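First the structure, then my questions, so here it is.
Letters A, B, C and D mark the chains in the order given here, with residues in each chain numbered from 1 onward.
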Amino acid sequence: MTEPQHDCCHTPKSVVQPDKTALLKRLARLEGQVRGIAGMIEGDRYCVDVLTQIAAARSALDAVAQQLLENHLKGCVARAVNEGNSDEAIAEVMALLKKMR
Amino acid sequence: MTEPQHDCCHTPKSVVQPDKTALLKRLARLEGQVRGIAGMIEGDRYCVDVLTQIAAARSALDAVAQQLLENHLKGCVARAVNEGNSDEAIAEVMALLKKMR
Amino acid sequence: MTEPQHDCCHTPKSVVQPDKTALLKRLARLEGQVRGIAGMIEGDRYCVDVLTQIAAARSALDAVAQQLLENHLKGCVARAVNEGNSDEAIAEVMALLKKMR
Amino acid sequence: MTEPQHDCCHTPKSVVQPDKTALLKRLARLEGQVRGIAGMIEGDRYCVDVLTQIAAARSALDAVAQQLLENHLKGCVARAVNEGNSDEAIAEVMALLKKMR
């Protein structure tokens, strides 16, 4: 399936991420990290070692979120600004940033 | 396999988490959340919906971290304090908190 | 001095915040909170009470940051998007979000 | 007034911070940072410059919090552990960490 080479074209509630394959690879790796953390607890590993891995998984999750947010700003929000609907799109971003803190 | 009913008995670098089964259940659920996020990107879902799920997965990961940290303070750190090694154990906790921010 | 009733008109590197008076009030209050925290330490208050006040001051600082960020998105970034310079403006926002985490 | 040379001796609800003078200096500097941020908004400075200063003030505030938390763990919490009251002291720390996130 060839990756459609256009940027984040936003039909209502549907977005093709421009870097979809890369994002999916990162999420597959993150899934493995979470499984690895479970394996450490299963294997009675020292708490600090497990917590260090959790901090790494959190950074990986944050990195995916930052990439998606950048795509969203460049795609959906920029489109909304050009269409004159910036307030609604920006309010949505602010609500999102609050959840992501 | 009965859960060993003792608290976090710390032989060097090995710790049996007192709530091991519950932690493993939470991590299995988190793994499913990460897979779900990948599925949303695969299915070209709207960025904000995906980011909202990422925020939920992050909270779940933080909750596991907080539980482990509490176990660690009650087990390993309290033991180190009683053995007169509190400075080293507390320095380790502070370094951990820095990573987890 | 009447508050100029226009939105965040962005001449290079100079911005009149639309809610300038409110922001300055919040910062004056925050200054008082920081002085209060110093007073608690001066008065040998219990650590947890001081740390609780620091958490409150942090939330106040974050709230000012969120308001400024929203003003920036609605003003400078929306203007850059309309002028066709969205990538630079969005890259600046992403770098800012990284610092503010 | 000589700085009492004992560590964080915890009479109920009263604690002499071992690095009291240093903490007070940092808070005085932070107060100046908050005043500086207000001055930037008063002077219609570019949003991103103001937000960058807010991120710096936040780091300074976090650094004071981390120092106080370390003092608390080494003083009050270690004392509670030695007196056999670790669960209550650790529950208090966990509630605090939740507020400080």
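Throughout what follows, a residue touches a chain if its C-beta (ideal position, glycine included) is under 8 Å from a C-beta of that chain, and two chains touch if they have at least 3 such contacts.
What you are looking at is a predicted structure, and each value in this text was computed from that prediction instead of being measured.
Same interface as A-C, judged by over half of the contact pairs sharing residue numbers, among the pairs A-B, C-D or B-D: B-D.
In this assembly, the chain whose C-alpha centre lies farthest from chain B is C. Mean C-alpha positions place chain C and chain D at a centre distance of 21 Å. Chain B and chain D have Cα centroids lying 25 Å from one another. Chain geometry summary: the mean Cα position of chain B and that of chain C are 32 Å apart.
Listed for chain A are residues 62, 69, each touching two or more other chains. Contacts between chains close into a ring here, every chain touching precisely two others. Taken together, the chain C residues at the contact with chain D in this complex read 8, 10, 12-17, 20, 23-24, 27-28, 30-31, 34-35, 37-38, 41-42, 44-52, 54-55, 57-58, 61-62, 64-65, 68-69, 71-72, 75-76, 92, 96, 99-100. Looking at the complex, you find that chain C touches chain A at residues 62, 66, 69-70, 73-74, 77-78, 81-82, 86-87, 90, 93-94, 97-98, 101.
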